[in-house]
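One structure, as structure tokens, below. Some questions next.
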Amino acid sequence: MAEMAMRAAINLALREEMRRDERVIMIGTDIAGGAQGSSGAEDVAGGVLGITKGLLSEFGAGRVIDTPISEMGYMGVAVGAAATGLRPVAELMFIDFIGCCGDMLLNQAAKIRYMFGGKSTCPLVVRTTIGAGANAAAQHSQSLYHWVTAVPGLKVVVPSNAYDARGLLATAIRDDDPVIFCEHKALYDFPAAAVEIPDASYTIPFGEANFVTEGTDVTVVALGLMTHIAAGVAAALSGKGISVEVIDPRTTSPLDEESILESVASTGRLVIVDESAARCGFGQDVAALVAERAFHALKAPIKVVTPPHCPTPFSPPLEQAWIPSGERVAGAILETMGLDPALAAA
Amino acid sequence: MAEMAMRAAINLALREEMRRDERVIMIGTDIAGGAQGSSGAEDVAGGVLGITKGLLSEFGAGRVIDTPISEMGYMGVAVGAAATGLRPVAELMFIDFIGCCGDMLLNQAAKIRYMFGGKSTCPLVVRTTIGAGANAAAQHSQSLYHWVTAVPGLKVVVPSNAYDARGLLATAIRDDDPVIFCEHKALYDFPAAAVEIPDASYTIPFGEANFVTEGTDVTVVALGLMTHIAAGVAAALSGKGISVEVIDPRTTSPLDEESILESVASTGRLVIVDESAARCGFGQDVAALVAERAFHALKAPIKVVTPPHCPTPFSPPLEQAWIPSGERVAGAILETMGLDPALAAA
Amino acid sequence: MALSKSQLLEAYRRMRTIREFEENIHRENTTGEIPGFLHLYCGQEANAVAVCMHLEDTDYIASNHRGHGHCLAKGADVEGMMLELYGKADGLCKGRGGSMHIADVSRGILGANGIVGAGAPLAAGAALTAKTLGTGGVAVSFQGDGASNEGYVFEAINMAVMWQLPVIFYFENNGYGEFTGHDHVVGSKDIAGRAAGFGLPAVKIDGTDFFEIHEASGEAVQRARAGKGPTVIEAVAVRFYGHYEGDPQAYRSKEELADVRQNRDCLKILRQKLIAGKKASARELDAIDREAVDLINACRETAKSAAYPEASTLTDNTYVSY
Amino acid sequence: MALSKSQLLEAYRRMRTIREFEENIHRENTTGEIPGFLHLYCGQEANAVAVCMHLEDTDYIASNHRGHGHCLAKGADVEGMMLELYGKADGLCKGRGGSMHIADVSRGILGANGIVGAGAPLAAGAALTAKTLGTGGVAVSFQGDGASNEGYVFEAINMAVMWQLPVIFYFENNGYGEFTGHDHVVGSKDIAGRAAGFGLPAVKIDGTDFFEIHEASGEAVQRARAGKGPTVIEAVAVRFYGHYEGDPQAYRSKEELADVRQNRDCLKILRQKLIAGKKASARELDAIDREAVDLINACRETAKSAAYPEASTLTDNTYVSY
């Protein structure tokens, strides 16, 4: 057991899976970095966010493939490779670039098994980054996991800490279906996401939520960075005698519907904190699930806390106002309890 | 006044707007059709679905531009043209191809006004087709309006009949924001979508729902083809003494939230019929809205009737099982009323 | 590349079978029993057949919307294909895919594809697998002239060059993308020339001449197998029917349509060459023709009377596990 | 194309202003006051300036992530740019865009862009507007060598050729896309040659030589204005700093870094040529240098002390109306 940042845990899982199965390859822009530079030094970067550093050195250029800036092309290569015997892990640097390669996920990876009558598999993992907070503005801050969650045939993972990231990534790579693995940029070095993890490799099954805190008054569903915001609020409110159950679904597809429904059955109140979208997002999806299947348990309106329906602004104070805040989450929780939202600040 | 099919109404609106404003141009693959064929005949097709026929003849190749099969490229051309003084209507033959041009909508058209501090406009209309029912299989049957509805900066229209299509398309073309105009393929020649329309041009404001039927027992929200399925069910159930209010929002962004909330406030029951997606779709979005803002009026769980979470199958009987059916809609309505769904068949 | 008599007869048989398959669909389509959009391969048969003669089951092809010929040439079961086109449960894709998504990965067929140009990166991916696992396999993507304008096709070509992948990008230039002439949308008027700039051999050949296709694609496959990288081939071909069934082709002159059938019919040309070269007698070829007709008729009858999939199986195979 | 003394001095001033702007950011970035990712243009100034000298306010440019230089060269307000980089309310984009989305459509700047290669179709669109409305305007897209691998860039080139649009695709080949060398990802090793296959003039020039850039882009702009269609220019340029601020550039040798600053600094080269050609005295140029420093210092101080946008304005300008 050792404490590890989420960044290191992801790197470790990649290494472990590449060692375990030589059909696992990595492909993406600058995932090694440095090729044909004048210094001769390779493997200098591990991607712009430094996640895949060291893999080239260990596994060689045949399995760690730096691509041209051709998202549609290399994603298609990854899908074709996955359908023919490799198990590619493709990196899409920012999920915001999905508009440059979307067809290969939406119409190819997601559908070939179904369209081909079950006679093929597409064991592809797309590792990509999500999330605001880095002042990266509107084209590098989105959390478009609602787009891929909506697509039948894709599985979608949104880990919130190092332990989950390592175990879920191992599962993703061993899974025979295409998986979109969404890493929140702010979590790579986030202290609370750096947790104890076992020495030996392990997997975490998809579709099993993690109960971050247990509680009896209100259920809060949150993913990725939002899990930590929710947990912070839960801790603060517990000091005020309010008991919050924070559920981190970990995978949005498949979704652990039962855990959410059971929790709401016992608390009767639901707040969803979600960075994906103010419209047709993951938050609305969970709200609809509960409004249909745990309706009779509900004691209060469901609250969905999301960014506003506007692009992510660049300017830091605006961006902070855009990201769902602990204050807004606390306010929503108190509101569902019929309490004055101002209590949160007190 | 004359009865007109939706196909003709859309063609008419395009003509009227191109006559009214010479900055309006059309761009898309084969929207005229026939260029450089050996017969010398041009304007032979008006797109594979025949919607834009005759426009080339009237407005010339300078304003009706047949493109290469380069979705990202020509969509980018349309965005660039829209930002610099033209008002392009770009045709995306099937919304399924959005993965081949997504960035130009997601990151360019939708965001430039916001990112540029409000100093530019992007008066672009993307006309595209949606919908299953033509045995066109998984890559030509999707209704991905949930994807674009989720994107701040885009407006989204889903007309259900000829009258609405003409008026909403005129509004879209005159609007200074980018609009995704989603035409259900099955409605082009659908008898019930062919309605009386005025001789003179008119517009229909965005964000104003149409009450297809008024009713007191259950609110049904439905778009596009689903509106007609819902209306059919409403008519059948009224014979059984059940009064259904069918609301067609017509635009998903902006959404006429007030009409939906008011209707549910009076009926206390909500069924949404939606072809977009079983997860993170438009149906879930409306459910979440109501579960938050009309919760106290609700007498029963909200029901969302969608296709299953699987790609659209090719085989006709499977495809019919995939599309939300009147039977399922009726069953959902009866269920919200605590009645036996079997009653619908009776 | 010398071909034995049996190889030549087999090539003729395949081309003839594809022709008959397509003509049958053309006739039957009017009955309304065949669902969906149909894009016929008539006129282009020599391309699929001559190219696929160089391929094994362990090699891959990626096809496009006009994919019946490619799949049949690569060894897809004829009856399974017919059943699939009719949307039947025993179709090659269990009725899920239909004409635009016919596939049989066990035969190295990565599928017809409803997305123009998508096959090029997919084939490059299959070639990457072959290279990485050292299978000795090659991959071919078949696409049209229209697909040459999709940027991701160029992306795939560039990567294939960089990584020296064993892949062939085979462009069947039948002069039209849907209803629009090639020259209207290919600025350079030349697909092979445009591709050559990417740094790989790119040749332009006569796509109505079985022997020329066989020769050029044989060289390309050999080069690929030898680890010498990718090739682009542009084959100038002809399309007999409309873009899809139902297209009245107002944009093509009667003369052009008559000319392509009379003078540029790859099947006729092969037949004449076989007879003239004394490789086969008219009688032998007639027998093959009859067998093809019989086979297709039998498949059609089977397909017509076969069962549709059960609605209860609707969501099967969305995932391996979920 | 002969340039007057005042034009030359103005060119020098612009290059010097861009250099100072970027060097200032490089220094200030360590204070943590400048938010976000920063991609500096140092070393490439001659390109933006020489090209934009041929353009009017009614002409358009589309830029990329390394966009400060292009925007300044095209006439964006220096103070407004600086304010924007600091995320302030009075920034050119009211603090919404930042470095990667700086724009000023009124000056014909369609924006820096966070999506590699996206500017090429956008510029083609601006050129379509010019052609359709007969404005006489032209459009230029600036992108890097890395962007030459995005398929939609080729798509834009093809359409520009077909429609003979007044657009120039200007590739600044600074040898690297992020951390990866040009030769590793451009299979043909040659962007201009690859583009030429698309059927338009494509030239390769020295992107450190102001005069060569001015000449080549002048010809291209003239051709475009005369209705003679698009041009591709590949300018072999150098990047002084890392891909983004904070990149330690381990992949580049000390020798290369020293060499580009010593021997391939476009600003130094222009200065030497101006003095050698007796177009300007060292004293005149020194004065411009000082003015640039003063201007940038003043802008920086303004930007530092300016107000951030109010949170209440967060959703403004998502739509014109909603």
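Should a chain be cited, it is by its letter among A, B, C and D, assigned in written order, with residues numbered from 1 in that chain.
As a working rule, contacts are C-beta pairs under 8 Å (C-beta built on N, C-alpha and C of every residue); 3 or more make two chains touch, one makes a residue touch a chain.
All figures in this text were calculated on a predicted structure; none of them were measured in a lab.
A.B. asks: When every step has to jump to a touching chain, what is the lowest number of steps that links chain C to chain D?
C.D. replies: 1
A.B. asks: Tell me which chains count as touching both chain A and chain C.
C.D. replies: For chain A paired with chain C, the chains in contact with each are B, D, in label order.
A.B. asks: Calculate how many whole Å lie between the centre of chain B and the centre of chain C, each centre taken as the average of the chain's C-alpha atoms.
C.D. replies: The mean C-alpha positions of chain B and chain C differ by 35 Å.
A.B. asks: Report, in whole Å, the distance between the mean C-alpha point of chain A and the mean C-alpha point of chain B.
C.D. replies: 30
A.B. asks: On a C-alpha centroid basis, what's the spacing between chain B and chain D, in Å?
C.D. replies: A distance of 40 Å separates the two centres.
A.B. asks: Hunt down the residues of chain C that sit against at least two other chains at once, touch-wise.
C.D. replies: Correct list: 91, 93, 95-97, 101, 113-115, 149-152, 155, 158-159, 162, 184-186, 318.
A.B. asks: Would you please write down the residue numbers of chain A that are in contact with two or more other chains?
C.D. replies: Touching at least two other chains: 67-68, 70, 72-73, 96-97, 99-100, 103-104, 107, 114-115, 137-139, 152-153, 308-311, 313-314.
A.B. asks: Treating touching as the only link between chains, describe the layout with one word: line, ring, star, complete or other.
C.D. replies: complete
A.B. asks: Please name which positions on chain D make contact with chain C in the complex.
C.D. replies: Its residues touching chain C are 149-155, 157-162, 184-190, 193-200.
A.B. asks: For chain A, which residues are in contact with chain C within the complex?
C.D. replies: 23, 25, 62-63, 65, 67-68, 70, 72-86, 88, 103-104, 107-108, 112-121, 152-153, 155, 175-177, 207, 254
A.B. asks: Which residues of chain D touch chain A in their complex?
C.D. replies: Answer in residue numbers: 35-37, 87-89, 91, 93, 95-98, 100-101, 113-117, 146-147, 149-152, 176-186, 243-244, 250-256, 308-309, 311, 313-315, 318.
A.B. asks: Can you check the complex and tell me which residues of chain A touch chain B?
C.D. replies: Checking each residue of chain A against chain B gives 72, 96-107, 110-111, 114-115, 137-139, 146-147, 149-153, 253, 255, 276-285, 287-293, 295-296, 298, 300-304, 308-311, 313-314.
A.B. asks: Where on chain C does chain A make contact in their complex?
C.D. replies: Per the stated touch rule, the residues are 60, 62, 91-97, 101, 103-106, 110-111, 113-115, 118, 120-130, 132-133, 135, 139, 151-152, 155-156, 158-159, 162-163, 316-322.
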